[in-house]
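One chain, subunit A, appears in both complexes that follow, with subunit B as partner in the first and subunit C in the second.
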Partner chain A sequence: MRVRKRTLGLVLYLVLLLLPIYWMLNMSLRTNANILGEFAIIPTELTLANYARIFTDPAWYSGYINSIVYVSMNTAISLLTALPAAYAFSRYRFLGDKHMFFWLLTNRMAPPAVFLLPFFQLYSTFGLIDTHIAVAISHLLFNVPLAVWILEGFMSGVPREIDEMAYIDGYSYPRFFLTVFVPLIRTGIGVTAFFCFMFSWVELLFARTLTTTNAKPIAAVMTRTVSASGLDWGLLAAAGILTIVPGALVIWFVRNYMAKGFALGRV
Partner chain B sequence: MDKWQNNRAWFMVLPVFVVVAISAIIPLMTVVNYSVQDIFGPGQSVFVGTEWFKEVLTDRRLHEALWRQFLFSGLVLLIEIPLGVMIGLAMPKKGWTASLTLVLLALPLLIPWNVIGTIWIIFTRPDIGLFGATINTLGIRFDHTASPLDAWVTVMLMEVWHWTPLVALLAYAGLRAIPEAYFQAARIDGASAWAVFRYIQLPKMRGVLTIAVLLRFMDSFLIYAEPFVLTGGGPGNSTTFLSIHLVKIAVGQFDLGPAAAFSIIYFLIVLLFSWLFYQALLRVGTGEKR
Partner chain C sequence: MRIGLDQATLRVGTVTHIYPTTVDLAPDSLNILLGPTLSGKTTLMRLLCGLDRPTTGRVWVDDVDVTGVSVRQRDVAMVYQQFINYPSFTVYDNIASPLRRAGVSKADIDRRVRQVAEMLRIDGLLARLPAELSGGQQQRIALARALVKQARLLLLDEPLVNLDYKLREELRQELRAIFEARKSCVVYATTEPLEALMLGGNTLVVDGGRVLQAGPTIDVYNRPASERVGAVFSDPPMNMIEGRVEGGAALLGDGLRVPLAGHLTGLSNGVYRWGVRTNHLALSRRHAADIEIDGVVELGEISGSETFVHVAHNGVSWVAQEEGVQRFGINDAIRVYVNPDAFFVFDRTGALVAAPVGGALRPVEEATHG
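For the complex of A and B:
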């Protein structure tokens, strides 16, 4: 009986969770006139016109491509730099290791708005404004510390005897790392990639400031449309729904390991 | 702690240090630089010492934004942490329902932050929103663009909707890591559900809950995009949180000096409170372990 009540509560919560998303989906399938004309919980006149417009207008769909490009770059760089560092933190004691670990975390504590102007100046100096790599690098600020944090947790779960054995067997360090160690923590790498993807995908402030046209993320394309063309709710909703799709796909792949990623991260 | 002592490990940490230094230390130095100078234009600046700090610390609008921010973050922690733990406890442990719950829960976390704002505008507008229209039909006047209270309710609903899943996922992860033997022992002892929660589940969740409290405190204290899109800080200044206020000064009025001084104070507040939470939670944990 107790368990039942719990399940009921959970189902109710999930329904409430999905309501706002459902409503956006609802709007995205209707024309603007229809949205303003009648209040319908289940839409009567379904249309894919909003989606069609997004997929045929380069100003819209290039936003998605831009976002995916810089998010992928960021995830790759975060993983490549964080892997050796996380290994060092999980295996060695060295001068200032604890301070370094905490310092990495403090980078998540500064208000992002603080970095806007300095970032703009820094990237202007190097001529990187409006490139994908600029956004990817700026997102390293919060993704690298997180990646180190999560990976360190997973690596600490691998017994150190494995390292020692590999050395005795005559493995060189890079070979050991790539052929023995990395496969052992591939779950952790998957989970880390998911988190890097997520935080880079949802961030707007840096992405919008550092881009103008060529690398403009979809989230910024959306805000521009809101202010310019009056409000086309249907189109806006369709664009919103499409921003959820990549995340939902990624999450499907890591769903079974996601929980583990949280549990193993150390404080 | 029998890690190998080796200072050459620094070479492995070096890439991380370099990328984070580029994105953090150099910009922060610029901010410190601005905070003590008055800048008229490119290459023209005067050293003003602590003047901007004095100006910022006596700014009444900043004080209001600060209290608003504390109220907001406090409410966020009070609502999201218990609610998240409850959801974590109620989640199915295995099978397809577990996968489905995980995926559904994570959905809000993967939506770009300004889209979150957009979703909630669409959802709560009195004319076209499901929530807004329904509640108005019920006879309760609700309009987050006109009433400060309604704006707060909407922002809180949005925040709870957006981030409680993170707490729930963390709690769930912590619960999954408890060996089944603990529960069997508790069953044999005839422990009540509350005792199981208090003496087994809660202590075992300490680690993940520490992360949850820290993350939720930091991120809610730094919140910008969602309320900015939803309410624009209004009506009046009623939902102008610290970040919104900061961006107004820095980008809106282009007052770089005060904005930089404000940024440093802001950062120090977050740092101080994160550290206090961290220390407090560490102590709570040791008390319960026994």
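For the complex of A and C:
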């Protein structure tokens, strides 16, 4: 009986969790007239017109492409800069190392809006406005500290003796790092990449401010559904569903490491 | 390869790990670093191989100063106390890795890896990953990787300490044979006096960041230069007791009379510290000159196939080591015998004044028959 009660509770919880997502899916498969015309838990007139519109209209699908481009750039740069930094924090003692580690984290504590105006001015000066790299760089502000923090945890779990062993065996530093060390922390790298991806993917403030047309993220494109003639509900819902897909895919790949990732490697 | 330290020290912040130390390790010699935990054995090894750079002083190899030369450029191999292997490499790749880095040809690598794997009896495991193997096998891989390199300096930092008793015995026997067959300077750290005696070679007694005494293992065991060396090189610890020499006899503790004969002849009057190893205290008389100590049993400790009896006599606690598992009732009256020939005598500063002739290693029975 106990087990059944718990199962029931979990099912109810899951239903409540999935309800908004289901409703979005529901709406994305209906026409606007149908959405506004009747309340249907199971849609009657199914249509893929909303999706077709997104996949054929360059203004729409380029939003996805832009987002994916700057998110990938950001993930790559975050990892490439955070790996050596995390290694230094995990292996060496230097003046102010602990303060610096903490300072990195404080970057995540400031609200992004604080940086918005300085960023906008800086990026304009350098002519970076409306480029993918601009958004990717601005997101480093949050992602590099996080990546360093997570990777440091994973790296500290690898005994220092393995490094020394490799030096004794004659490995050069880069070779040791790439062939011995990176395979040992690949779980950590996967989890870090996931976190960087997610933060960059859902961030809207910087992405919208630093772009106009050429590098416009999907979230900004979605505002196009609002017009003087009202909201295009179906199209908005379809775009929303498509925004969930990349995240869901990434989660699927790292699902076994999530617990360790949330503990930041400190388990 | 002759390797040594010249007045080397190591300080980290305000903490001194190694006080000025000079050591000189002969080519193709086996050197045991014997000392308790945290005495500086590992640090000395790290200085020797170049993992750490001495704060002051020099490290030299064959009269060439190698202070500050990176460990990558040095011809060394090391085995750690923990089983350190590359977890993502197979056993074969683990053993082959130092050879690959050294640019040895593929055929040569294969031959040498298989040869050393066979010697350490891990040739059936070459395709496995280290994590799939037992602790003993993992340490064999680490040993194989160190041996395959044929480095001129081989460092082993308590390599057997994390293994169970049986494996340790077995591997120690093999190691001894391997060391004898090799042309390299071997440095072996251990906390166990017994292990040092079994391996032989030279012993450097390390304690508190200093090398207290260096020399052939048997000599160091037989003539510990100081009370501290005696303590480090005895397990269980040596019985130590204060004693006064007056008028041709010594009075130990509260009235145990020891005649000044043999190596004790000619001790000048004064107060000394007297040491005797536990295996020289017996429950039966083995020699006419044995001194009787009457006391009560404080504790009977069973350690493997031996029993340590703690005997209280006039407020002094003696420990006698007896063969076999024996039971003793607490507070039972007991008589133990000690031969005056087995006493070490140290002065008030702890320096050796007199040591048993012919070595305390020799069982007392033999001395009596002779």
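Note that in this section the second predicted complex is superposed on the first by the 252 of 267 C-alpha atoms of A that agree within 3 Å, B and C clash if a C-alpha of one lies under 4 Å from a C-alpha of the other, contacts with A are read in each partner's own complex, and residues count from 1 in each chain.
The rule we apply is simple: contacts are C-beta pairs under 8 Å (C-beta built on N, C-alpha and C of every residue); 3 or more make two chains touch, one makes a residue touch a chain.
Not measured: the values here are computed from a predicted model.
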| item | value |
| --- | --- |
| Combined model on subunit A where subunit B meets subunit C, clash or fit | fit |
| Touched partner set for A:49, first subunit B, second subunit C, both or neither | neither |
| Partner chain in contact with A:25 - subunit B first, subunit C second, else both or neither | neither |
| First (subunit B), second (subunit C), both or neither touched by A:144 | first |
| Contacts of A:133 with subunit B and subunit C, given as first, second, both or neither | neither |
| Most subunit A residues touched (candidates subunit B, subunit C) | B |
| Subunit B, subunit C and vertex subunit A (Cα centres) - angle in steps of 10° | 90 |
| Partner chain in contact with A:35 - subunit B first, subunit C second, else both or neither | first |
| Minimal inter-chain CA distance - subunit C and subunit B, angstrom | 8 |
| Overlap of subunit C and subunit B interfaces on subunit A (superposed complexes) | none |
| Residues of subunit A defined as touching subunit C within the complex | 159, 161-162, 164-172, 180, 183-184 |
| Partner subunit A, residues of subunit B touching it in the complex | 1, 3-10, 12-13, 15-17, 19-20, 22-24, 26-28, 30-31, 34, 86-87, 89-92, 99, 101-115, 118-120, 122-123, 127-131, 133, 161, 165, 169-170, 172-174, 176-177, 193, 207-208, 210-211, 214, 218, 222, 224-225, 229, 242-243, 246-247, 250-251, 256, 259, 263, 266-267, 270-271, 274, 278 |
| Contact set on subunit A toward subunit B in their complex | 2, 6-7, 9-10, 13-14, 16-21, 23-24, 26-27, 35-36, 39, 41, 77, 80-82, 84-85, 87-89, 91-95, 97, 100, 104, 106-119, 121-122, 137-138, 140-141, 144-145, 148, 198, 201-205, 218-219, 222-223, 226, 233, 236-237, 240, 243-244, 247-248, 250-252, 255-256, 258-263, 265-267 |
| Subunit C to subunit A touching residues, read off their complex | 49, 51, 70-72, 76-78, 80, 82, 84-89, 97-98, 101-102, 145, 149 |
